[in-house]
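One chain, chain A, appears in both complexes that follow, with chain B as partner in the first and chain C in the second.
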Partner chain A sequence: MVNLAELTRDIRSGMVPAYVYNDADLFTLERDHLFARSWVFLAHESEIPSPGDYVVRRIVDDSFIVVRDEQGVVRVLFNMCLHRGMQLCRAELGNSSHFRCPYHGWSYKNDGRLIGLPFHGDAYGGDRGLVKKEQRLLPAPAVDSYRGLVFASLDPDVVPLRDYLGDFTFYLDFYLNQSPDGIELRGPQRWRIKSNWKIGAENFCGDSYHTPQTHTSVVEVGLFAEPKANKRKEGALYFAGRGGGTTYKLPPGTFEEKLRYVGYPDEMITRMRQNWTPEQQRVVAEDGFMVSAATAFPNLSFVHNWPQINADGLIRPFISLRQWQPVSESETEVLSWYAVDANAPDYYKEESYKAYLMCFGSSGMFEQDDVENWVSITSTAKGAMARRLLLNSRMGLGLDDDVISQKPPSFSGPGRAYVGYGEHNQRSWLSLWSQHLGYSGDPAEHSPVPAGDAAGEGDR
Partner chain B sequence: MAEDILVLANEFAEVHVSKVLTHNGVRLRIRDPKSDREVLLCPLELESLTWQDSELFTSLLATPHGPEDS
Partner chain C sequence: MTSVTSTAAPAPLPYTSERHLLAWQWLVEEAHLFDRQRYTDWLGLLCEDIHYQMPVRVTTAKNAGFDRLAGMSHFDEDLYSLRKRVARFETEHAWTEDPPSRLRHYVSNVRTFATDDPAELRVESYVLVFRSRGDVRESALLSAGRVDVLREAGDGGLRLADRMIEVDESVLRMQNLGIFL
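== the complex of A and B ==
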């Protein structure tokens, strides 16, 4: 069994027990506590734009139909027939006004109401035996959305999504709010990797340190120049509310010049200028940082890079959303979407999509580099020796928990930020993780994270 | 004469839709190849569908195997 008191203490000290990346008991705790209480991303509204459009998504073992009903309301319905428990929608996506169970034919309107069953009179005596009107598919206990991202929670008493995400929304808007109509998604591509789900989530929330090593060949072949070691360490790492991420340092210039450097056409830059708050604009224009990878706790990540997409040196940025969907302690289903400003011109959408495919998705160069590492960590974490090893995740802290990392000269975003390499974000993410495992021991053992790792929500 | 058949399907149903020329006019044929049932709708009937809302079809689907003898 997992000793949660010891685990919590180790995590808080920045020494991570290696077995956490492949342990069946911990996976059960994650499923029953963390994923049962958090907000978990399911779909983006642009994936179900018309009445009847639906996608089927999961929270660990629970399958949900995310559907826009005939009245245009987005609903999240447990994908299980009320009669014998058959999975109702088996296609991954589709359009239908009603769902008819393949087993006995019980039929539901797409708002979840049971509207028909064969031989209601003969079999049930009509409403004498079964009142149809009172029956509906089980809704997700809580549903909320942020800029079109639809989340559900298995906890009916969960805090509102906005409060849960906290100041991380400030950074989410760089990806989601480039124009008044927000983003549209393509995909997802979906595949399984023999890796623990936490590794990807942690990596995206703060690991700028792996880029020059793992992704060397990305720089060598000229796909993306930014990850060069000396350049990568100039970026800032931020953590705010329930998320954190990495940035790149931009060369000197105005807001417009910096966004042109990243590859945005002027018409998109004009809309960002109108849409982003003065503080968000200052992060780019004055502080000089551009968001790259990020993770919203627990398992939704974002990436924004700007590779060279042809031999003429054309630079185009892309945005990808990815979810690390846990299958078991040693397997993860990755869902990878391409995201783009809905108002972007068609030529841009085409070029940016190409940039995404070159870097991420099942064919992407970054993706393949990363997964090789994560699979290897997971398999090495399985054995007896891994239970004797605490992984050193203390980068950025001195031996007395003093902060070695430097704050950026100026930083206009909320939360905590450091420049250079550091593992403050991964420790923050793992602290959140350990707080969600159901540990209810001596509160004194809930020692606070080292001061340098405190997210300091709202503290600028 | 050969019909141009339009196939509409989702995971729950598949129907074949085609225009049928009668001696003096036209109908829309909607055919379910699984049960071999079909309906031929005239333009007036089709027009009447445009003023229905989704609840009409909800009531039609109350018997998922089609009409039941009572």
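== the complex of A and C ==
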């Protein structure tokens, strides 16, 4: 079995036991503790705009119907018939006023209430044997949303979503709140990779160091110039609340000039100016940083890049949301959506979609190289030797846990920020992860988080 | 231009017809280029206005009336983006294909249709891609139908003007689409 005290101590010292990326016992702990208590992303409201629209999504092994009922309320219903446990909805999306079980015909309104019970009188003696109106599909224990992102938790006592996300919402809004109507999603593309789910989540929350190496080819063919080593290291890494991410440093200029540089048309920039707080605008205009990859703990990631999408040199940014859905300790289902400001002009939506397809998703040129790495890590982490190896994840710390990384000259966002390469974010993510595995001791007594990795509230 | 979504001609050309045989040969020769990863040569077989698309298939109820996602594909390419993909493979740093995959494209069920445009053929085919990576990893399969428009070029050969790939899985069991089909 896993020694959680030792594991937590190692993680907090920045030395990551290699086996964590392929271990069945740990996967059980993740399922029973981490995914049973966290807020887990299920869908965006734009995927189910009309009454009756539904998508079917999972939290590890639990299938949920995320449906907009006839009153317009988004419901999250456990996808199992109350009678004999049949999987009620076997499509992955659609529109329906009700869901009928194929086994014995119990049927439920799209708000979860049982409305049809064949032979109710003959079989149950009517309400004498089974009170029909008291029956409803099991709802997710907790449901909450942030700017249209619908999350559920298996823990009815989970803290409210906004408290859970904390100051990370400041950074989420760069992706989600470019105009008053928020984003709309297309997708997801879904595919399965023989990789542990944590690797992608960690990578997106802070690994700017991999970009110049892993994604060399993308720079070489002129698709996206920013990952060049000399540019990538100028970006800031931030961590706040339940999430962290990477940024790129933009060339000097005003707010408008910087957003034009990444390819936004003026009408969208005007709305960002109106919609973002003065602090959010300062991150772009004065601090000079533009968000790129990020992860909301545990397994929802974001990316924002700005490739060249045609031979004339047109630059367009895109946003992608992606979920690292755990299948087993060695397999992950990736769900990758294209996201765009709902108020963006149609021509922009199409050009940005093209930018997304070239870079990320099942055929994306960035994604291809990432996944190859992650599959290789997972297979190598399986054996006995991986149990003897602590992976050095101490970048940004000195040998005495002193912080080597520099703070940005100015940074207007909340939480902790460093400029340049560093693994502070991955350590923060892994610390959160280890705290969610059910260990009851207080590892901080034995091994405090290095000061440079402290949660960072008030630490600018 | 012939649309890949237009209703099928009443019957395919006879399997003995020369136009069918040329189209069939074209597909087999294309598979040969794919399996040897001679992608630059493959680009030479594409029309300037190529549209290369692979929609996302989804699992929906029988009466839903759709089984593709609206507005989202795995591939939705023009010549620029296909050239970028190929150029990337030609660099020394496309790690995903180094070491390269071993590929087989099995092409079958070829049906060729005449179209209103005498210079264009509509060609349906099935393709099964076998992909092996590394020495010990499990191999991956991808099954799809394709509907192509092949256009006669000035040199008498055929060029691909349009391809609609209908993949048979809603969740792909392949780590990426670092291949073409």
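The definition used in the following text is that the second predicted complex is superposed on the first by the 451 of 460 C-alpha atoms of A that agree within 3 Å, B and C clash if a C-alpha of one lies under 4 Å from a C-alpha of the other, contacts with A are read in each partner's own complex, and residues count from 1 in each chain.
Everything below uses one rule, namely that a residue touches a chain if its C-beta (ideal position, glycine included) is under 8 Å from a C-beta of that chain, and two chains touch if they have at least 3 such contacts.
Note that the structure is predicted; figures quoted are calculated from it, not measured.
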item	value
Chain B versus chain C as contact partner of A:A152, first or second or both or neither	neither
First (chain B), second (chain C), both or neither touched by A:G105	first
Contacts of A:L176 with chain B and chain C, given as first, second, both or neither	neither
Touching partner for A:L26 - first (chain B), second (chain C), both, neither	neither
Broader residue contact with chain A after superposition on the shared chain, chain B or chain C	C
Touching partner for A:S217 - first (chain B), second (chain C), both, neither	second
Touching partner for A:N310 - first (chain B), second (chain C), both, neither	second
Chain B versus chain C as contact partner of A:R186, first or second or both or neither	second
Contacts of A:R90 with chain B and chain C, given as first, second, both or neither	both
Touching partner for A:V284 - first (chain B), second (chain C), both, neither	neither
Chain B and chain C footprints on chain A, overlapping residues	90-91, 94-96
For the chain A and chain B complex, residues of the former touching the latter	70, 89-91, 94-100, 105-107, 109, 115-122, 132
Sites on chain C touched by chain A in the complex	54, 56, 58-61, 64, 69-77, 80-81, 84-85, 87-88, 91, 93-96, 136-138, 170-178
Chain A contact footprint on chain B (complex, rising order)	10-13, 53-54, 57-59, 61-65, 68, 70
Interfacial residue positions of chain A with respect to chain C in the complex	90-96, 186-195, 214, 216-218, 220-223, 309-311, 333, 338, 353-354, 357-358, 361-365, 367-369, 371-373, 375, 379
